[in-house]
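These notes open a run of structures that come right after.
The following pair of complexes shares a single chain, subunit A, combined with subunit B in the former and subunit C in the latter.
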Partner chain A sequence: MNAVYDVIIVGGGATGAGVARDCALRGIKVLLLERSDISTGATGRNHGLLHSGARYAVTDHESAVECIKENRILRKIAAHCVEETDGLFISLPEDGLEYQTVFVEACRKAGIRADVIDPQEAKRLEPAANPSLIGAVRVPDGAVDPFRLTASNILDAKAHGAEVRTYMEVTELIREQDRIVGVKAYDYHARTEETFYAQVVVNAGGIWGHGIAAKAGITVNMLPAKGALLIFGHRVNNLVLNRCRKPADADILVPGDTISLIGTTSSKVPFEEVDNMIVTPAEVDLLLREGEKLSPILAQTRILRAYAGVRPLVASDDDPSGRTVSRGIVLLDHAQRDGMQGFITITGGKLMTYRLMAEWTTDLICKKIGVKEVCRTAEIPLPGSAESKEEVEKKIRNRPITQRRSSISRHGAMAVEIDSENSLKNSLVCECEEVSVGEVEYAMEHLGVNNLIDLRRRTRVGMGTCQGELCACRAAGLMGKKDPVCARKAKADLASFLNERWKGMAPIAWGDTLRESEYTTWVYQGVCGLSDETTKIAVK
Partner chain B sequence: MKFDVVIIGGGLAGMVCGIRLAEAGKKCAIVSQGQSAIHFSSGSFDLLGRMPDGTEVSDPIAAMAELGKIAPEHPYAIMGEKFCAEHLQQAPEILRSAGISVSGDCRKNHFRITPMGKMKPTWLTIDGYLTTASSERLPFEKVCIINVEGFLDFYPEFIAEEFRKQGVVCNFGTINLPDLERIRRNPSEMRSVNIARVFDREENLEVLAAKIREMASGCEAVILPAIIGIGRDDAFDVLKSKVNTPLYLLPTLPPSIPGIKAQQALQHRFRSLGGEYFLGDTVLSAEWKDGRVKELFTANHGDIPFRADHFVLATGSFFSKGLVATPDRIVEPVFGADTVFTPDRAEWYTLRFFDRQNYQAFGVRTDRSLRVVKEGVPIENLYCAGAGLAGFHPVQEGCGAGVSLLSALFVADRILKGE
Partner chain C sequence: MNIQQNTVSENNFEQCIKCTICTVYCPVAAVNPDYPGPKQAGPDGERLRLKQPGFFDSALKYCLNCKRCEVACPSNVRIGDIIQSARIKYGPRKNTSLRNFVLANTDLVGSLATPFAPVVNSVVALKPVRFMMDKVMAIDHRRVFPKYAHGTFTSWYNKHAAAAQAAFPKQVSYFHGCYVNYNNPQLGKDLIRIMNALGYGVRLLDREKCCGVALISNGLYNQARRQAKINLKSIREAVTDRDLDVITTSSTCTFTLRDEYPHLLELQNDDVRDRIELATRYLYRLIRSGQGNLKFKEGAPLRVAYHTPCHMEKMGWANYSIELLRMIPGVELVVLDSQCCGIAGTYGFKKENYRTSQAVGESLFRQIEESGADVVATDCETCKWQIEMSTSKPCEHPLTILASRLA
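Entry: the complex of A and B
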């Protein structure tokens, strides 16, 4: 028997999750299919910057206005995913101060608060900033955790009746004459194919949306643009640091939780490579060279990982050469554009505007299926953000303090649900990030965790300085506890976690990173005797 | 301070080299930063588990002869088949003289069981730890695997999953005690060393024995994580005497109790032979004279030099900072010795974690006598032993301990022969 829905969303990034939540809140029967885990594409592979819009103010007024509006909304509805740090746009001697005047003017025009501050004051506010700076502008930038944000949207969507299926890859769009009526999807766990029907199918596949549209015989002219980033081992800066000049490579340093991030590079890549982004030594060198200009201390700071995401840039429909690229939101109603009913593509845009993208998409869905409900996602807080951190903290005073703080920062009000009944549950799995047994169990049970890499996205297990040295093993142990099948799967899972981790470490494997890797090899391959055989029997 | 030999590094290689020299009457000093790979020991010492192409080794001596032909830069090949074969009895004797009782045969590997239940070919295993002669047969058909409640660094389910492949029936048991509850109050304290301290207490050992007797009923053997006997040597024997069922230990994730105990035993043995052990000190610089190392200066001893006729570099590889990787080269920080590596960083590794990574075989350049080479010239009185040597993959080939032990003896031999 095949299930019937109002809407099927393809893609579990921030946009897809946002559409699922918006639909669910408007009473629409919705199914979201994601071929991997949630936030595995570009959503989880960017700066995690809560843009004020200042970066776009000079070059793209429209994006800047969207950003500052969404910035204010996210602070309200996603408080537990956001860190209100503010940001500085610093001018270095080589940049000069002319751009600053243009920049401040453009920010004000877009409604973004931009205060020119004294260089001395800037250095006092952010000691990590390059001390040779000659000018600084303070703007309401911040940090946003894309994993938490997406997970929260998913949780709320489910709470309002949405169905979310991960590790389900859409293999075919089912077409009847000039209408898409459903999808076929492959279930990686059950290893079966399933068919689902709906009035509208939404393509929210990011860069992979190109291929999804192609299944309907439709061309969306996308340009995969790779952006590489580096994560540093501790939090270098407290304010977001930007260069006050035309946007260029490696000119944003964002603090987030316990780390700082520098990025990005920008280069076009072929579609064949988007599933396997590898950061090259040249990219690492460029990021470091430019990053040190923002904050010289980066030269002495340990790098934890290198990674890259792919932006789904979309070429304008009227330019077949593909040169005119918009970074704005692209909502394509294929009924109008291509004469294909029941099919929508939402792409372009950025993490910052995921909610607005979802709103536009859901408005279009409502128009198509005749639903009158209006969007409420800008007003209703996400799960975890309904109460202030202080209120939540009061409720869980009995827990050890560091764990209490870190679990609240990760889960907001949902931290209350983590089992801390006894010392066994409070015992730490991950010491770098203060993740307890209770939190791991909570994530496995309630946050749709299927494996260690999913777990890392939900709880930061393995994201700290040691990059999952011992905690990965401990978490695998907990996952393997349920039954013999789990034990086999958990061991295989551990091997793929180590491969994934190493992929991010190899490009920067010198100094302490290489020391850590040698140690990992001793522990996992030596003491534990794990090998690639385990990878081969992986249940995937 | 004047010594016959100063050894830099207090890991397995440095310590065994020091013991051998001290036994022969040399006045030795060991300068140690404090942490070495012994702390992550599996409770076993590997000699040669696999050939470079991955083939499993059954007879290490025969395989070492083969290795000499296909990997001439391997430390075993440099030391030579003859030397290795002659000294393979000396290594376990030195361990035993320090009180580390090990069993094993250099003509036939046995298998150690890992904390995840995997079986790995090895040479010597500390007595008390579970081993098996064949990777296809365990010495029991029904076993009880016991863990301490809430101890996250040992994996009974993983072990059972492997054991069941051989038809072994596995029961599980967990232990809890009021004293354990006390360490649990601090969420990061449930680690092997702290737990072992609890079982150093006679009354807790008694309770543990009683619980094991209860849980072991109907089983042919009982398996415990290595959380016994950190502060006292007899704890495991006492426990065994109170339980009728055969009792075996398995290693845990670090910190490793057998590793820490082995480290202490070797240190004690070295000192009892008159060796001087400088713990927590770091060599900062060396003075040279006529192409020889004259003396060393350390962090703790300021302008008091360590003088010696011979010096041994046993500082290990990357983890213990015997080797330091910068983005474009590999540095040996104490003497600025020449190193063996490929200049292109992209060739240091592959993107698959379980592959043989080239960086693992990087190391200090030596001549065929294991004398350290600097600026292309071997230093007459400076030798290298242990993990800092180039040309081998300690983990993939399962030869890390063997290289450390044999190169330590090789270097001691050269020094004693006055080369």
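Entry: the complex of A and C
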């Protein structure tokens, strides 16, 4: 089966999903291939910070301007993925106040609202902030949920004719003379290889884009930079907290959905390690030590898990040594750069600018294939974001309030489609995050869920304090009902879900988190007999 | 990592490991599907409320505040406190209906009713009146009201007892509570008789207000805090200035003064908490330590079934009352399973809770009927009302039974 498309996108992160949506809205026949699930790379492994751009204002004016523009756009088009919390840049005695002046000036130059507020007022606004702060600036930071954002882009892309196939790993770029004409991809479910042809192939593989480009014999000089973060068990702060100083390690605390997270560290890692990031004790120490300065209560707050992502930093083309690193958007037209037709790489940038990256990429695609349509992704709301939460809530008054509001915050207007017909559909699968049977069934039906880990990214099943203790088996039961699988496969899925949860807990396994994980092990291994697969030793 | 390892979070709810034992022990969750149960209403819900106060679920009002969840919890999570605190912090600000006001203000209503007790008691018992109260105030018409006494305990005490009590060399302070004052002065008199037999005089606090438990459960927090401050002041005068222990005859008053004040009303009482005692425990310890002895008369055999009130279970003190009853010659004691009777103070009076209330108590009622007991004993006045209304047995305070057998 050799299908023909206008465009093939390799990579299902926010950028790839954004390109797929933009293409589909412009009537381009597009196929997106992702080797795992959507938003598994850096997209799902960052702060989830809706940057105002303030963080970059002093060091990178261009990024700051991009951020604030996209910030305003995302509030409009992705309302259900965004929490408009605002943020504070606090100055501690050790930071002094000199930077504040420079900072505020730079923000204003970039068009970012930056209000200097009284330290007392700052403490009132955010009781979790370090009470020894000597200055604070309020900026329009916020939180953005990368899983929702990506899933929503995928949904809209599909609704406009795009094809999206996950668990398809591109093994080869098909080359005819100086042109890439298609790809070969391995289907992990069917265990077969398929070939697809297109006029343009877009490499949106994030850090893995390095390897994808290499398949065409092209070098994109990438530098994998690991960033580790800690998730706290509940909301510690309601405003994003930043240190008002030159950006450094562990100086952002973001409230995201039910939790707060502190990050990040920054360290170079070799390419061989990017598939299996493990957070080290030294990183945990650093995050806690610095985090405590932002918000002293962190020293006593239960940590749920630790995780790390890899930033796809790109060395500037005119500096082969790789020393000059850009955090800006890098769009490479390989026809111009390397004489390779039909191949584009989009990388660099950040979650905040995914839409702009997609716009630039799609503009280039349009130029190459002669499409005249213009970009509309800055105006058309994503599925779920067209109506206000209040309007949506009016339609689903019959559901219990906690469930109702949780599902709206996850799915926006699409929450209406969740079956809540009877008490069975309303009964909870995940109690920490209030995910109902109806919501799990909706996700399985409409959001491209292949296994329990995918389900977590779509619904937050297993993301709460119990980390899968109560919900994993319930969700596994529902998965089996939809698509009967053999016991062995279901068991393997359950084990891989629990092991993935444990991987995040292992670096911070002490106190109540350790107690809870031991209890989970006892339930699944001791009581339910899920033995071999759940052995913690595997990752310990 | 040293920062974290030796600290326990101030957020007590973080210690929950979701074992769900609390929900298994919750008397309400078992009978009312509208109540999400203590785990969800408590630690789980708290996480959501911290995210956004709009996640407050009005179903939290179904919590009886029996604290059986806390007794069951192996992780020391103060689940009941989390739920009640959430009602205070996030619940509706003005939920003081006329009914809640009347039910909550035991002090005010009691002092209005006692002068006209014979009239009030017979009027409140009339079917048309109960029907009207049901329709107008949503107080369930099937609920039997406790009878008011004609004249309060304090007026009797001041007139007939104060002088004599002051003559005893050893003294104890008594927090009588609303029930003794307005409904059952005899219990206060029984206590005085027992204490006197042990050589103790009983004195009242300089100023006593209702402990506030009904105010808390009906959303009148500011008033509860005001009254609590008055009580703590009086208790401090007794404990600190006069070096007297303060005893009570109501398990719920005791629990409120000792634990709900600091946990829900945020009023510290560490300096006096250990000196606030339940009368049965105080007596048992006096007798056991050889500091006093009671002489009983020979009486006819009496089969007594002891019911453990929820707050007694929470304090872990039921055994003091049980052992005290066992000291009485002729008493054959049956200890009923510790389970909630369902009334939970003013909860069971409310029309919307009546069905839940009776369903919660059902297995207790059955056990009482099958116990073959002559009388049920319990340390809680509202349990007494519920048991007398819902079973064929009379229900008395252990000290009333004990006093009746004193030589």
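In this text, the second predicted complex is superposed on the first by the 526 of 540 C-alpha atoms of A that agree within 3 Å, B and C clash if a C-alpha of one lies under 4 Å from a C-alpha of the other, contacts with A are read in each partner's own complex, and residues count from 1 in each chain.
Heads up, the rule we're going with is that a contact is a pair of C-beta atoms (placed from the backbone, for glycine too) under 8 Å apart; a residue touches a chain by one contact, two chains touch by 3 or more.
As the structure is a prediction and not an experimental result, all values here were calculated from the model.
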Partner chain(s) touched by A:R515 [first = subunit B, second = subunit C, both, neither]: both
With both complexes superposed on chain A, which partner does A:L470 reach: first (subunit B), second (subunit C), both or neither? both
For A:P281, using the defined touch cut-off, is the partner it touches subunit B, subunit C, both, or neither? Pick first, second, both or neither. both
If we overlay the two complexes on their shared chain A, which of subunit B and subunit C does A:A490 touch? Say first, second, both or neither. first
Given the touch rule stated above, what does A:N499 touch, subunit B (first), subunit C (second), both, or neither? first
Is A:R289 touching anything from subunit B or subunit C once the two structures are fitted on A? First, second, both or neither. second
If you stack the two complexes on chain A, which partner ends up touching A:S406: first (subunit B), second (subunit C), both, or neither? second
Check the contacts made with subunit A and report whether subunit B or subunit C touches more of its residues. B
For A:I303, is the partner it touches subunit B (first), subunit C (second), both, or none of the two (neither)? second
Can you pull the subunit A residues that subunit B and subunit C both touch? 281, 285, 400, 423, 428, 431, 470, 510-511, 515, 519
Give every residue of subunit A touching subunit C within the complex, in rising order. 233-235, 255, 257-258, 281, 284-285, 288-289, 292, 297, 299-303, 400-402, 405-406, 423, 428, 431-432, 434, 464-466, 469-470, 510-512, 515-516, 519
Which part of subunit B faces subunit A closely enough to touch in the complex? 37, 40-42, 114-116, 118-120, 149-150, 152-153, 155, 157-158, 160-161, 164, 181, 184-188, 190, 251, 253-254, 256, 317-319, 321, 324-327, 345-346, 348-354, 357, 359-360, 394-396, 400
As the complex stands, subunit C meets subunit A at residues 1, 3-5, 7-11, 13-20, 33, 36, 39-40, 43-48, 50-52, 54-59, 75
Which bits of subunit A are touching subunit B when the two form their complex? 278, 281, 285, 400, 403, 423-424, 426-429, 431, 436-437, 470, 473-474, 476-478, 480-481, 484, 486-488, 490-491, 495, 498-499, 501-503, 506, 509-511, 514-515, 517-523, 525-532, 535
